[in-house]
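Each of the two complexes below includes chain A, the first together with chain B, the second together with chain C.
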Partner chain A sequence: MTKAERRELQERQRAAKAAKVATGPQISGAGLSVKSPQATTPAPSNPKKSSKGNESPLQTKGFLTTGASGPSSKSTKESKASAAAEEADGRSRGLRIFSHFALQKPVGHVAKGDVHPAIVHLGLMFAEFKISGANARCIATLSVFKRVIQDYTTPPNNTLSRHLMTHLSVQISHLVSARPMSVTMGNAIRQLKLEISGSDIDLPEQDAKDALYGKIDNYIRDRIIIADQVIQETAMKKIHDGDVVLTYARSSVVQKVLLEAWAGGTRFSVIVVDSRPMLEGKRLLSAFTAASIPCSYLLLPALGSVISEVSIVLVGAHSIHSNGAVFSRAGTALVAMMAKQHSVPVVVCCETYKFSEGVRLDSFTKNELAPSGDPFSSFPLNRSPTSLIIQNQPNLEILNPLYDLTPPTSITAVVTEAGVIPPDSISSIPLALGRLI
Partner chain B sequence: MTALYSDSDAISFESNNLITVQHKFDVYEAYQRALADEDISPPLAAILSLTELVTRSDAGTMFELVQALNDGAETLKKRVPNPIGLTAGCELFIGFVTLFPHESVSFSELKREIVRQGKTYTFHAVNFRAKIAELTLGFIKDDSVILTHSYSRVVTQALLHAHTRKRISVYVTEARPRGLGLKTYDILTAVGIPCTVVLDSAVAYVMDKVDFVLVGSEAVVESGGLINAVGSNQMAIIAKAENKPFYALAESYKFHRLFPLSQYDLPTHNSGILSFPHPKNPHSKERMQISVQSTENCDPSTVSNDHTTMSAPLSTLSSQRTMTSEQMSRNPDVDYTRPDLISLVFSDVGVLTPEGVSQYLVGMFAGL
Partner chain C sequence: MDFEESSTKLVSHEFLAVVLAGFGNELVPLTNDHGDEPCPKALLPVANRPMIDFPLTWLEQSGITEVLLICPTTHRSSISHHIHSDTSSSSYPSLHVDVQTYEESPDEPIGTCAVLKHFSSRIQRDFVVLPCDFVPPEGLSLTSILNKYRIESNLDGAIVTSCWLLKVHGPDRGAIPGEWGSTGSCVPIIWDKKSGTLLHIDTPDDRDRNSNELEIRMSLLSRYPVASLSSQYTDSHVYVCKRSILDILHQKSTFDSFREEFLPWLCKIQYQKTKQEKYGRVLRPIQANATHALALRHSTLFSGPLLPQDPSSRGSSSPSFKPVLLRIGIVVHDTGFAGRVNNIATLLEVNRQFLTRANYTLPTDPENRALIDAKSQISSDSMIGSSTKIGERATIKRSVIGRHCVIGKMARVVGSVLLDHCVILDGAKLEGCILGRNTRVGAKAELVRSLTQAGYEVDAGATIRNEKLEVSDWTAGPQGTDSDGVSQEDEGL
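Let's look at the complex of A and B:
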């Protein structure tokens, strides 16, 4: 703001004030005009300032002195105040757009309602990303649910098939408060609900529980473990001797596929692309180097320099939608689009239980925030890393979306346990399974 | 080269088959016999030969029978240089047998039923082409100019059928090295369809004049793409560039559960195709001398052995500038056309978009 602009603004504000308060017209002069906006600026930031006690002296000073010394010192104060107001505005704007991305709130150790301790434990693991990845979270959730069901007793005058679900809902909402539910968990829980509501009322409680354990175990076995094995066998055939396989971040399925292909005698090399803040690719890299697979490790910005050497891109998925869009770790879309641009086939390995009905068009409507990690360490490290960590600055908004959406146009094929399916035909997965998900 | 290897493999396979198959029944021979019929395409021949295998098989259980069928299919695949078409047929038949309801009194009764069903299917399958021809007719306007590639039974039938109702003229590619385009030319001109043979390299030249492209197929794969005689892919690319519709005709038994990611991901691809010959020093010197003699100011270093197409005609010296069989062996028979280049696939199950094909395939093999 130039001085003239500020002047103009103040004139307007003063006129408005004059309409309200009759005292306006008498006040004139530079010192006073500087003063007036502080009185008129809307409440939010001002009360704090006035409570510090420097408001009233200034005011009296303003009224009394019209000298040259006053305006300069006051104008600097003024500009600071307006800058702070803008910052506050900016931050709220940033939050306004992404506020729906689940923010990392500290998980309450105090749980609302009748939450099983194992669930509290699991919630903490989820919140701290100790357990992450769609498969791992789904398996962990289902195994903990088995314990919950074990420790559950049907209250008198109620039946297991009707009451257990209300008990589980409490556990589920606790887990969701720790970290938003993944599509895989959603699908598994829906299946579990179906099984619970279908269990026979006349069955003794322990028998009904045993049946549920069996159902849960079967789900984990059929939809995740066996599915992964089938995917491994199918995807392995797409890797030939001398290929350069590129993968992004870490997917448990991709890891298994490549290790299995290597063990099967195919000789290829792997490029692991990774990115901040989570650097998950490091774990994948250690698995590969342990198996003595020739590897390269690079960060996302270096992708362009290697993409032309790549023969196939193999990535995992968080979920897959009926329009063929793949929701996966942030950065996957970039890799896929780059590969598409260079006519490199992009193959997504994804179990069918990650299928989500509904169409996803962008990654803004629903997403999560990644744990912030250490995004500001820079090279060379001539300053201590702690001095580089910037936090809680009002004008700083750190945004690390956890996922992004790869459009179906940049995907060549999706390897599922039901076969290799082009992304256009993903909607036929329920058909391929011969039932509804 | 590869044929020799696969033959020796097949012999070892036959000896395995002797255990499961009662008499010395050669599934490959049955396949060749079936193929002798002009109307029978590889997938159908495969189904027929496998039905015969079921008749001859002494398998007492379903497991043994499926095992024998798989072995038979494997033998066929090893002995045929281009196994894509017949694999589609084998897949279909074995899938059918696996899911066949066990309602018969005895297993031999069940086998007879399977054989009967297999024969009925192939009998009806021959009429699929007439159905496709009828479907295609709806897309052919009067006075259309059509470009087709090589020779395909179903395309020929569709064109002959269209000729009875509409005026059409056809460009057909020569389709080297087998020159099957001339066969199409002979058939079409015999009934009076205006037809011109164009060079494979003239497809881009002729594309502007045609209304649409009509090709047959060896197999339609799960991506919705197409495997067909080499040259189809470039035709599709050119058609796409000129915004001309590219239609593929395929009987539903050619739908194949395969997902090639690239040309080199096809089962027919081997390390010999597109390979560079090893430079043989004394021989290459000789060649270089010839090339230096015949072409002026040609730097010997640039005339490397890699340019087989270039140096070979020079060595044979003008008279007939054709590729040697050794050079031909480094070339593919079939190529893969991506689904985004294909406008529609006409089949006996209806007119499908490439996405529709993949959905049909996913549904067809559900539960296998």
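Let's look at the complex of A and C:
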């Protein structure tokens, strides 16, 4: 039997088993007793196991699995297995593919361990997408860590440099459980941990903490704020009078670049491309129209009709990888590919701290789901916001990945604070700047 | 060996819960003293659990650990015995309850504001106000209300988050006599659904001033053009507040009731400029926003602060006045039954709701089982406490019977609530009654829709309908007293 056929058989058997009321233990062909635990993590259908399925939440008799427990859900090849949301009566089957995009446990759980209230607040804001965007999340995380360090006192018989790390790790794991960490947050935290471990053991506690505040402030200032200013100046030179600039969704850097260019006297027009469900472009549009920049607004499917008039495409990034691939809001890859086809230069504005050492070849292995619907829409006013949201129905599952990967072939240039570079030479930047990260 | 092993608390708690236990003036005579011992409203059982268990378990599920319980001085010992006893500490083990007393007498009830002002030195962080008689609905968890407060207080300056419940219409009118009160009074409120902001509460003063019309300000409408008005919601009296509320309370010393005076006044600050100028600085709503201002500017989904765009005030606003950003949040809960058990009708209603979910089966342990006679008929929608003795051929339907009760032979108890230690002698008939603790009903007595105080004794053969029976009436003469609703002497004598 091929794998697909075997999987079909397992599905049928699982459905049959779920249909009848299960009371006794399942004895598999090998004579092993199988306990079916409350399946809360996606358990892939392991072809090596016996043909009986391994989830039926009704069975709770206490027979132990003897070593036959399936591997956890992180295997990439099995990522197309059925999701754990399959109920015993087969009512809603959950996502069949990309089930690993969703968070494993729902937010709203009570914080475990010694989590600072400000971290709880921040986790909530991340989970509700009140603070979103790579730069915003990193700045918010670092600011809250300043509060945490402020309220921290070293317990007796301990040193700040060692114990503070464990304390921060608890906070970080709470944040990660609210929403997976972004590359920017990861880089910033790694730098912070480096600073903490390097702090002098003989310093009095308040001095050590003050030094840390200074380092955090410097990081935000140097790697984000001033980097953005340098990128603004560099990218401004690429925009000339009479240009039509196209941008996608909302990037804080691109917003700054265009506002600065307009304030500098260049007269151009902007096309804002947006996509559901997040509709972030609307906010960018309101920022531009407040500055009186002539704008057009359209949704992603309509891109083909305007691309021939565009002179330059400016996009932001969530992170950029060492093979030159840009990980950004879902839809950027489409915009970049389209622009390349029509020989329009694609310029990615990205600070150096967004650089990630790994090589990323696709956006399937690690991604997130966008928040359902458009809770921020207020038009039309006569219908309640909930009716505008498409929701999961018995025969319909909504899947909205948040990020996608733009291959380096579609990108013309990357503007960083170290200059304008081709996408593949990202990895040479830190070395050129004399830094470790 | 380390003798100085001290556990330093690295993280301070986020919220302090303030649970207010009052006298329960509307639950008289159930809350009258039993002899010398007080019957606190907080310990009055609902479905055989003391009333105060409900908010405390609700608090524990949401992760709040510090509780400040405020009760009258006379009730302090009984409440603190209950809280610190074994049975209760097992049901909410992680709560740390601090019982504090406040001098008040049942004749002049003190409002929440006065109590909060008195204890404001003990409240040093954001707090949650809960009444002791709140029975939370099943779908609503305190965590969801707290989360809404947490998000909004960081984002756009919410200072209070309140919770309003949809009033479910009670059963048929005849079941509860009118003088027992109605299940929850509804006030008209105006709120904005999209952002969850409470805009206006109709106070009794407003109703006195103008009972035909609802007056609202234009500034409210210009800030929130899409608002909803409803009069079907009741206030749950659960408020999550910022600490700076207490500073304002000190300034406004005339306010007594939080629910009726202070909260409607706070709603007005959201859109009235003069009040904002006076109190904006005291409230300091977005002190935490400084940490997130920079992050929010970079955030992709943030559309800038919602400042009032009031066209009428453009000419008159002083240049130094910056509009203050503050909000009163509201959580509206539509499903499930919940309520505040602060009058008789609600007590009966809440017990009924619990009974609809109850499924009575005979107790399994042998000594309890032996007490219940085999020939008694107990319907499945009733609740019977432990160690209750039920006699032969007794009939129990749709009732809640407390612990250690004695129900005699051939007794009939229908739709009633009996508290602990009641004694019903043979042949008595009870219908729709609420009997206080230690009540003794004589043989062949008949009580219909009556209430008794704790320790009351009904004589044998008496017939009583629609009365509230108090112990003090025994000392009255055979003519009875002239105040309404109070009993007359039983007719048997």
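Simple rule for what comes next: the second predicted complex is superposed on the first by the 317 of 437 C-alpha atoms of A that agree within 3 Å, B and C clash if a C-alpha of one lies under 4 Å from a C-alpha of the other, contacts with A are read in each partner's own complex, and residues count from 1 in each chain.
Basically, a contact is a pair of C-beta atoms (placed from the backbone, for glycine too) under 8 Å apart; a residue touches a chain by one contact, two chains touch by 3 or more.
Keep in mind it's a predicted model, so treat the numbers as computed, not measured.
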item: Clash or fit, chain B versus chain C on superposed chain A; value: fit
item: Partner chain(s) touched by A:339 [first = chain B, second = chain C, both, neither]; value: neither
item: Partner chain(s) touched by A:238 [first = chain B, second = chain C, both, neither]; value: first
item: Chain B versus chain C as contact partner of A:422, first or second or both or neither; value: first
item: Partner chain in contact with A:121 - chain B first, chain C second, else both or neither; value: second
item: Which of chain B and chain C A:140 touches, first, second, both or neither; value: second
item: Superposed model, chain A: greater residue contact from chain B or chain C; value: C
item: Which of chain B and chain C A:272 touches, first, second, both or neither; value: neither
item: Minimum Cα separation, chain C to chain B, after superposition on A (Å); value: 27
item: Residues of chain A contacting chain B in one complex and chain C in the other; value: none
item: Contact footprint of chain C on chain A as seen in their complex; value: 108, 110-111, 114-118, 120-121, 124-125, 128-133, 135-137, 139-140, 143-144, 146-147, 151-153, 155-157, 167, 220, 249-252, 278, 280, 283, 286, 376, 378, 381, 384-385
item: In the complex with chain B, residue positions of chain A that touch it; value: 238, 240, 312, 345, 347, 412-413, 418-422, 424-425, 427-429, 431-434
item: Interfacial residue positions of chain C with respect to chain A in the complex; value: 2, 4, 6, 8, 10-14, 62-63, 143-144, 147, 150-151, 153-155, 193-194, 226, 288, 291-292, 294-303
item: Complex contacts: residues of chain B adjacent to chain A; value: 222-224, 257, 259, 261-262, 264-265, 339, 354-355, 358-359, 362-363, 365-367
